[in-house]
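Chain lettering (A, B, C, D and E) follows the sequence in which the chains are written, and residue indices restart at 1 in each chain.
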Amino acid sequence: MKPQIAATGEAMATDTILSVNNIEVVFNEVILVLRGLNLNVQRGKITALLGTNGAGKSTTLKAITNLLASEDGEVTRGSIQYEGEDITEIGPEALVRKGVFLVMEGRGILQDMTVIENLRLGAYSRPKAKLKEEIEEVFRFFPRLKERTGLAGYLSGGEQQMLAIGRAMMAKPKLILMDEPSMGLSPLLVKEVFGIIKRLNRELGISILLVEQNANMALHVADEGYIMENGKIVLDGSAQELMDNEDVKEFYLGGGGERRSFKDIKSYKRRKRWL
Amino acid sequence: MKWELFFQLLINGLIVGMLYGVVAMCFVLIYKSTQVVNFAQGEFLVLGAWVCLALVTNMQLPFFLAFIFTLIFMVAFGIIVQTVILRPLIGEPIISVIMVTIGLSIFMQALMNWIFGNDAKRFPDVFGTTDVINIAGLNVEVAYLLSLVLSVVIMAVFFWFFRFTRHGLAMRATAFDQQIAQSLGISVKQTFAMAWAISAMVSGVAGIVIGIVNSVSNSLAFVGIKVFPAVILGGLDSIVGAVVGGIIVGVLENLAEFADGQYLHLGNLYTIAPFYVLIIILMIKPYGLFGTKDIERI
Amino acid sequence: QDSVFVGHLVDYTGPTAFVGKAYGPGVYDAIQYVNANGGIDGTQIELTQVDYAYKVPEALAAYKAWAGRGMVAMQGWGTADTEALISFVAKDKIPVYSASYSAHLTDPQGSNPATKKPAPYNFFYGPSYSDTCRALAQWAATDAESKGIENPTFLHAGDNHPYPNAPKEACKSYAEELGMTVAEPVVVPMAPGDFKAQCLTIKESGAQYVYLANLGGSVVALLKSCGTVGVEANYMGNVWAGDYVTIEASQAENMIFPSSTPFYGQDVPGMDLVTEIAESGEFSDGGKPTHHYIRGICSAYYMMDAMKWAKANGGITGENIKKGMYAKQDWVPEGLEGVCLPSTWTDKDHRGLMTVAINQGSYEDGEVKIERIDETTLPRRDDWLGL
Amino acid sequence: MTEPTKMLDVTDISLRFGGVKALTDISFHVDEGEIFSLIGPNGAGKTSMLNCISGRYKPQEGSILFDGKDLLSRSINDRAKIGIGRTFQNLALFSHMSVIDNILVGRHHMMKNNFLTGMLYWVGGAQKEEAAARAEIEDIIDFLEIQHVRNEPAGSLSYGLRKRVELARAIAIKPKLILLDEPMAGMNLEEKEDMARYIIELNEQYGITVVMIEHDMGVVVDISHRVAVLDFGQKIAEGLPEEVVEDEQVKTAYLGIDDFSMDDEKEVG
Amino acid sequence: MSYVPNPRPAGDFRTTYKDDNRLFKTHFETRSALVLLAVVIVAAPFIGNYWLTQLILIGIYAIAAIGLNILVGTTGQISLGHAAFFGFGAFASAWLANSFGVPVLIAMPAAAVLTTAVGMIFGVPAARIKGLYLAIATLASQFILTDFFSRADWFSGGVYGALAERPSIFGFAFDSDLRYFYLVMFWLVVTAVAVTNLLRSRDGRAFVAVRDHYLSAEVMGVNLTKYRILSFGISSFFAGLAGALFGHYLEYVSVEGFTILLSIQFLAMIIIGGLGSVYGAILGAAFILLLPQVMESLTTMAAYVFPAMESGKSYVKQMSIGAAIILFLIFEPEGLIHRWQQIRASWKLFPFSR
């Protein structure tokens, strides 16, 4: 497959809510992790970002939300635009006020606070939030959270994930970035979470950039997708196009349609990939 | 038993302990919101006391005005300290941050020695002739009683602040994980600045009280070390614990003095007893009396 | 030989800076004054100051550096460091003029069997802490008698530190000898703080005569706390605890303290020289010098007089300076008559002065009033030597 | 064939945290040489069960036998010595140590040197021992194909690699029983395939008994010999994987009404 | 501690595992260290007394700092009481020599062993207490021990302190600074090598494991309690050794020498040098020791220009120490050794480094 380079600034359509242009990220002044990454998120759509471990997906999300500083990383090249505005230099908290919210890998739950306190903090950036009603609204999405009165640290993994998403809802964002929301969840909850993601998108009109390992699920809910390897986008297209792509099938979806058994896998030299 | 002496010491301990409690709260405030243990806390106290004294004696301001100006000064000071010294260290290991506050304390100590001299200076009588009040046979400085009221008020405000206000929550979130806090739209910088400002201000209040009672001198900074046992006994992150810990240390000192002066005759038990008790209590309750346990899930 | 090297330990920033800032300049100004006026018969004194902040290790380090530079004599400061240096200075044959009046420094040959460590090279000007305390105890005993107090109680209040401890035992046994009751000593930290707890203990002991073994801020804080809890006692400071600054800061009433020089501006023949020295020196920031400053001058002048003798008798070396100290009896450095009291040192007895002047100071109507109420000369008892 | 020996025998384990009942009367056993999977909804108590086996939690009731010997009376660190290794759900690597050192920690209980001989290094035999241990763990590194990150600090690795290093560290213990807590969480298909291969090989070639928690039913069904299902701290099913996934109770509690395939759009939403 | 690229230069291939685990990471470093050591030893007689004294003190403090580093940098337990153990070593050695006539050269390591025991006793709370709680508990041990020194006349001479002779062996007395310097160097080299060795063997690795993730370390078979307390013990050993060297160098041990301030200075040494690094601790000791002297001369010079400074000289000096610590942490929070590693890394990556 020939890699397609995403649209640059001028070519950007008006309904692009987020565009990442040719960014480079360096950790500790020496480790180059993203090497010229391009990507667009369309307003009102779900965009999936897939890739192997260590490809730089989480780094991409942190670069967009400017959270790299606390890990000694920085964007050294390129620009990021949100609603046509350059946000490359903008502080993470200002970005939240503008409506971009990141649900972090590992959920980022405040473990020593209660569910309610976590949710209230979700609305931190909106001082005038009607907390009571909005929390009730979240509980309508996630009834089981309502029953949990203890510290969030003792919630089970799935509940923590729901809390993290609920907290994002409290911020009333226009764009949610999600980092592996299905990680560690039971099959039932995975479905539930993807369902919720879809509902957030359909019912509340929130644009979503979804980083996932569960390619199958992700491409099912997404409208568009990107595949990244080694700090670069190697493939993009509509979700359907990607699902039909042979390489994607082989590496991400498993076989050509038929699921091959994990039992039968033998050690083999992998086929050369996009690189 | 010499009951009268015993009770007088006990009361003295309670009252002095309350004041330790206030200082301990300043520690806890900083810790709870920034995970920093401020070793310059003692110097903050002394600074507050000196500034207020200078305003009263050199600028001839009435005490009340001087008090207000001191608080304003301390707020500004707290913000400056945070911005200039602590902000660059956001994200560094905790021990570096501790070390920086130690550096700050060395710096402030020398600077204050230089500016204000190293003699003890007496506050002019602030409350006129009713400087002392007799409680159950013990004469107690009015300033202490005021500080007692003050500590209850401060405690209530802190409690409410952390539990119910958005900024209080934000401080706790920031303390837990700065990256997460940022991702929620909390400005870590502002939160830290606010925490330091409040803590410096309250320290200033405590410093003025201690200064009125003891005369102002740089060695008052030792109170900063003294409240460590108090903070730890109560639990590093507990406002209530800070007050309780303060009272325990205050009472303990005085009871140690009682045992020492009347029976043991070891000398110096007064200063050292809280540390023995500290270790014993920690062995039984590793997070102090009210500290929250770390959640250790794996 | 046109210059000799003298080291000068001072505490301007440490816990005893309160008086250190008074005494140190006395020494310094006196030596500079003499340097400016011809030196020791032509020999200049090269004086180096180190502010060791009352920390023994720092003092030791400074001493070692100086000894390596051929120091002939040293002007010292604290009890702890001076006592720590006893064996070193004896070995290096460097006379030390300390501002520590610890009686442990007064037995040069260990003639008293109770002496732990003979101190052949240590000198100081003034009565020892022990003798001073004895004089105060004596005064207390007579005072009690005159007031009709039966069985008066004496109490030592000070930190557990060499300086406050120095006279503890000596004074205790003498007070008992005088028929006083001696209460358990109360430990009061040298750093000021809230001492109400200690004051309650003092109150409980019923002591009428409290010896304040600390100084400066600690004394101020103690007096304040004790005033609050209502201790009714006569406070007797040691020589460092009593001066007009402390009395003013603590607003003390009738505080008893000793001295071994007149106060600044008093009408004695040698005061002119003192004034001249003070005015030539850098000590002029506001207040007038305390008696500590004047003692500093005396300490320096006794050393320099001995140097003069040494220069005339084989050169200024440590050994000769020591001999110079023994050359005269009941002597006063030239020009300081009436300021430094006649003192005698012998190779067996370094108690230069046995006379203790006792003063009473009060803060009244915004002013400090000090009056001399007694002067005692103690006997040179052999069993007191070095203790 | 002879009756398989019980490697792990869990009887009536109950675990409470304050009022929360994390586990209630759980009993199961794991045979030597088995791959045994523990599944169930989030918060069912799976991790807590592993923690009871590896010693992090002390159940209030019940007993656990390992190789026929009582396990609960042993200290945590002792359990490594007798052959229990494990990985963690939320990575628990020593993040400032290099990958090699991380793995070497697993060797800790087999090494003889103490701090004194360690300080003497050349004379005390520490050097020899270190080199020997290195040689052994290099095999593990080769096996898990993490040669290229050997000298990197574990903290700078990507998630998937860290999981692999964790596995390596657990293998270094030379365990008879290995406990894997969601070894494939956060991995893409390709990586899951690799991981599955490692686990099978571990089990077949090295004869290590495996207890595994996993949410990917594809993996569970394909590679495990037997499965137990927990829900709300109780065991609701146990048996062969194919049977368990057909169990109604398991379907409602865990899998969702349908099976684990995921093509129908309607369901989502 | 952030990521630093593997420092091995290209072309430096190791063929055995033994080789891969050397004292120094690169040949270049091994050679530099040896050359530096040789230079110091050969130059010592010619550098004059002042520098000799400085080097002796740096050596002594470095030994203590390396010890503290095992506790703080390696095991992750903050201690605010290191000076007390340092002091204990000094008193114990003087006590052994004075009261029992133990030869000083033997009394010094023996005192270190006694200090180890005391350190382990005060380390017992570490079995239960962690983090800042532990740090404050060690603050308690600082106060309790110094209080003990000022009380235990039989042991320490009470507030008057104790004399401590210079060592001698077969009539060879370490009475000059130069001779004492070689003694200190000997122990410093022994300490540095022993601790480096420790860190690359089993127990050292266990310490780091405990620091990085004690929960999983325990599951991997590391006995938490044992290693937490042991690290107090080992760290106290070096504190005690250094203290003994210090006491016999000054020939006098005084209670006042071992305050919380010194504990803080030890901490400053390892943080400024670089947490967890043996060679960083040496650099840090030199830095903290020389800083006041540099400041002293700077302020003296400044006082010529602004005579008003004269009266504030000692304050300015003290302030600049505080300021130096602050500035250092702001601009080089990972310590001197990290700066060195970065320089090294940029050499290695030369054409590509920025």
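Basically, contacts are C-beta pairs under 8 Å (C-beta built on N, C-alpha and C of every residue); 3 or more make two chains touch, one makes a residue touch a chain.
Just so it is clear, the model here is predicted, and its values are computed rather than measured.
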Labels of chains that are neighbours to subunit C and to subunit E: B
Starting at subunit C, fewest touch steps before arriving at subunit D: 2
Contact-richer chain pair (by C-beta pairs counted) among D-E and B-C: D-E
Maximum centroid distance from subunit E, chain identifier (CA atoms): A
Rounded Å distance between subunit B and subunit D, as computed from the means of their C-alpha atoms: 48
Distance between the centres, which are taken as Cα means, of subunit B and subunit A, whole angstrom: 44
Centre-to-centre distance between subunit E and subunit B (centres being mean Cα positions), rounded to whole Å: 32
Subunit C, residues touching no fewer than two other chains: 13, 160
Contacts with two or more other chains, residues of subunit A listed in rising order: 27, 31, 72, 154
Residues of subunit B touching at least two other chains: 113, 267-268, 271, 297-298
Contact footprint of subunit B on subunit C as seen in their complex: 13, 15, 17-18, 160, 184-187, 189, 191-194, 196-198, 200-201, 204-205, 216-217, 220-221, 224-225, 228-230, 245, 249-251
Residues of subunit E defined as touching subunit D within the complex: 1, 3, 6, 16-18, 20-21, 194-195, 197-198, 200-206, 208-209, 211-213, 215-224, 230, 234, 276
Partner subunit C, residues of subunit E touching it in the complex: 49-50, 53, 150-151, 159-161, 163, 250-252, 254, 256-257, 314-315, 318
Subunit A - residues contacting subunit B, complex: 65, 67, 69-72, 91-93, 95-97, 101-102, 104, 108, 110-113, 117, 120-122, 124-125, 127, 151, 153-154, 167, 171
Residues on subunit C engaged by subunit E in the complex (per definition of touch): 12-13, 51, 53-57, 60-61, 64-65, 68, 80, 83-85, 87-88, 160-162, 165
